[in-house]
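Common to both upcoming complexes is chain A, partnered first by chain B, then by chain C.
Moving on, here comes the complex of A and B:
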């Protein structure tokens, strides 16, 4: 048993309102530098949609993540080692800048300096690549936001592939149109594709907290990580000639503050906590068949109350504060105790360590004879509709493809429990359910009143201290392994010690 | 190209660096030379200069090589003429000096290079020529004439088809000559097409038997050529020298490069035929074409 700690996040998608505050907070802190204009370490996507970069989930196109070879052994989808050498100077599966978007700003000066005229002055869009005015903006990091590009972008969502033609057509009917938001940052995976793909060995997973980082000193711009990462969360900085990615705001975590995206989230959808996992199981868990991946990942995460786990953690140098945090971790509760948070696209086999509580989408409705009506409910009460998975507006297969590698049962379990919480609380507060319905919902959700209350409490009324349970990261004790902590403290930061400049050849 | 090669490698003796060093040394010696015994000193300097710069093509009393035998040259030519000639042969030829032109034609139209000697150095060379010394002691007694050579065998030696008896390196590794192929030979040593050495059998025999340049001497001291090999090489090189370098050799090289580059592009296209050519634009195009269809 090789116990390690991972700082991990849960996104409660029902609470996300798609305001992009997290993205902007991240951008203002980390990616407002030259060369990073197009990067969004945190981005929010509208689903169904093709996301950012376009169709990032389609690994037939981008070759990210892992697959099993003919011997059942894990191999990068991108290339074997030999092919990696052959493609070293030309990586054929990189996204183009158009697949992200052409970053732009506006000519704000013109609003102040325009000569007097008959019309209002306008601020034209100016490309941040060419510096020239852009006549039409064709794509952006959240282009399909709020159905803006639905006819093209939502239709091409790869998660819809398993739906029948009928089901897909229904999604485009006016009254049935449905969407939700998906905030994404680096998943800080346990089996990261970017680390495996880097020919330079410049990417590493920090021992004490599991944050995956790219060394700005070692990176030599091979850009294999961009292809290797199935989530397309490493980006190439064209100005510094180095790749960059989400750093989980480790400088903030080291001073006891949560990441910027977490801190700025107006919906308070994010939970940050520590998980203890068994690193010995990584390869085995990443190799199981698709439909077992979620469960395999749960098996890797160890019970922080188990004395054997605690002693193994201590033997690995994990601090007491970290272990206490793991015991109080909201992430552990969502993922392990209540089992309602699922990893995103575990079929990429990178063992992502960010988890999502799938959204309970709005109830289905139709206009009938010109009146807005709840569909097909003449003879049913509201409760039946709320509790009916079959009437879910977004087909469950879609959610299963996103959050459980296609395992519908896994997602249904989550939804049954979420429905149980809803019915239980409605019976309590609105009193429109009878005891029989509540009992049946609890039974179907395989839960009980106590657990439902706890889920409700952490979902709806959590305090800051309950959402953010990570001790100030003890970097100083971690660096003792190789450097004087005081020396290191002086040198810490993002590129302060070594000036990162592009090498000219 | 042809023009440049001719000018640079006329005499085929890469002695610019040693020459410059000797010049420097001489300047130093001249600078400290005492007035008394200046004449003897000057002649000695002249000897050093002669050994470094002139000996490869000239003898004093040893017969003509690339250039004429210089025995008694100070009596034959005016001192003033000699001084001007040694200082800048190219100027004299450009000015169509009758004597110079005659000599130029007589000696296979091989131009004597401008060594850039100072007036004092020229004077010391003339003093050395006047002193009546001969180079016979340096072993340049007229070499025995070469036996009859065969050009085809010479070519084989040159390009490396046949090994030398004593295991010497093949000429093509450093030298090029017209009539090989478009790509020619090495560039380390001079192009031998218009070299003075391949236009006169005694000059060739004298040089190849005991090369006077540092590089060649070092190479051939331990692995000398046999007389027959020398003769074969001379037969080939003197025949090659008749030809001019093909004027379209450059074009052939350019075409070869172009074809090579085109081949690489084709191979790369084939190897990376499945590369990503953008995702978003094709997706949009596909969607709209589906809707229309």
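Moving on, here comes the complex of A and C:
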């Protein structure tokens, strides 16, 4: 048992209103420099849609993540070591700027300096790469925002592949058009594809908190990480010639603040907490068949109350504060205790540590003969709310493809529980459900009144302290932890004058 | 006198500067030790330029080094006429491939607005000297046939004498102008190496062949944290 701590995340999609405040907070802090204009370490996508960069989920195109070779061994989809080295001069699967968009600004000066004339002066779009005027803007950030049902974007979503033609057509019916938001940041995976793909070894996972970082000093612009990450969350800075990615705002974390996107989230959909996991199980868990991936990942995450786990964690140098955080972790509750948060695209086999509570979507939604069939739902033996899973506008297969590597049962379990919460609370507040229906919902959701209350509480009424449970990784205390403070004072004076040796694993 | 300066003095100066400057850059500016890729901005032409250029020039460079390092074995190899033919034809085609690839890369940087936006003055200087070098190489290979053989009796003794710090230019002083130009321009490129993106030649990440896939770095040695 090799216990490590991972600062992990839960995004509650039912609460996301698609306001992009997270993206803007991140952009203002980290990616407003030259060469990073096109980067959105945090972006919010509309689903169904093609996403950013376009069709990033299509690994036939981009070759991200891992796959099992003919011997059942885990291999990067991008390359073997030899092929990777041979492709250094030209990476055949690299997305180009056109797969994102060409960043631009406007020639505002012209509004002030244009000579007097018959026409109103205009501010033309100017490329931020070449500085030349752009005649047409082909794409931009969130180009498919809110375009559920659009033939260009929504219909090309790769997650729709397994739906029947009929189901796909229904999605585009005017009354049934449906979409939800998917905010994405780096998943800080346990088996990251970007780290494994980097020929230089410039990308690493921090032992203390599991944050995946790119050493700007070591990066040599071989640009394999961009292809290797199936989520397309490493970006190439075309100006500095280095790859960059989400750093989970580690300078903020170290001073006890949550990352900017978490802090600024208007819908309060984001939860941050520590998970303890067994690093010995990484390879084995990433190698199981597709439909078992979600369960395998849960098996890696250890119970922070188990004395054996705690002592193993302490033996590995995990601090008491970190263990206490793991015990109070909201992420542990959503993922392990209640099992209602699922990883995104676990079939990429990188073991992502950002989990999503799937959205409920409109509940009463079925058209018959061109009208909403609300009355018809009354006749279903389960009642309107419960039947929403079967009658969901968004086919459950679509959700399963995104959040459970195609395992429909896994997603259904989550929805049954979420529906139970909804019915239970509705019976309490609105009082239009009988006890029999509530009991039936609880039984189907494999849950009970106490758990439902807890889920409701953390979903709807969580405080700041309940949403973000991570100990400050203060630099001062970190020094004290390395050495006796008095020794340290004697040897190095105040501050880190002595180079601290780093160990690699 | 002129020959002595250019074929003895200049190679020594160029090599000394190159060694000192690459070391300095490696130690004090590791951040810059790469070649900034422009594939992200332009993909198509890069494929047709970069792949033939890199594979061509690496093979040719390797042939130069092998011939220089093992002149005896190389001499035995070229002693057979058929083998010599094969070698010459291969060399010529590689030179052609390299020149074509580099030309495509240069044309790309001139005409693609995006690629041009990330091209510096030093990049242009380097590209010009590299093109000159491969063009000269092709010229020499074509007009002064059987270079893979006469190289052993001219350039090789001269370069070896330089390496042994007993410089002797008698074996090369009678060579035609174009051949000498190729020699000297070669050392110009050696001189340019530490100051341009060419340093990426020394940054090839061999360790990828054996390193573990996953890398975890701990700020402190594991398990040594004192829990108070």
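The rule we apply is simple: the second predicted complex is superposed on the first by the 431 of 505 C-alpha atoms of A that agree within 3 Å, B and C clash if a C-alpha of one lies under 4 Å from a C-alpha of the other, contacts with A are read in each partner's own complex, and residues count from 1 in each chain.
To be clear about the criterion, a residue touches a chain if its C-beta (ideal position, glycine included) is under 8 Å from a C-beta of that chain, and two chains touch if they have at least 3 such contacts.
Since this is a predicted model, take the numbers as computed values, not measurements.
Once the two complexes are overlaid through chain A, chain B and chain C clash, as defined at the top of the document.
Contact with chain B, but none with chain C, is seen for A:156 once the two complexes are overlaid on the shared chain.
In the superposition on chain A, contact of A:94 is made with both chain B and chain C. Shared-chain residue A:314: touches chain C; no touch with chain B.
Within the superposed three-chain model, A:50 lies in touch with chain B and out of touch with chain C [touch as defined at top]. Contacts of A:447 after superposition: neither chain B nor chain C is touched.
By the document's definition of touching, of the two partners only chain C reaches A:203; chain B does not.
Chain A has more of its residues touched by C than by the other of chain B and chain C.
Contacts of A:85 after superposition on the shared chain: chain C is touched, whereas chain B is not.
In the superposition on chain A, contact of A:241 is made with chain C only, not with chain B.
For the superposition on chain A, the stretches of chain B under consideration are 63-71, 171-179 or 279-287; the one running into chain C is 171-179. Shared interface residues of chain A (contacting chain B in one complex, chain C in the other): 90, 92, 94-96. The touching residues of chain B, when paired with chain A in their complex, are 268, 271-272, 274-276, 278-281, 283-284, 287-288, 291. By the touch rule above, chain A contacts chain C in their complex via residues 76, 81-82, 84-85, 88-92, 94-97, 129-132, 191-192, 195-196, 199-201, 203-208, 216-223, 226, 236, 238-241, 282, 314-317, 319-320, 478, 481-484, 500-505. For chain C in complex with chain A, the touching residues are 30-31, 33-43, 46-47, 50-51, 53-55, 113-114, 116-118, 200, 203-205, 207-209, 211, 213-227.
Residue ranges of chain A in contact with chain B, taken from their complex: 50, 53-55, 58, 61-62, 86, 90, 92-96, 98-99, 139, 151-152, 155-156.
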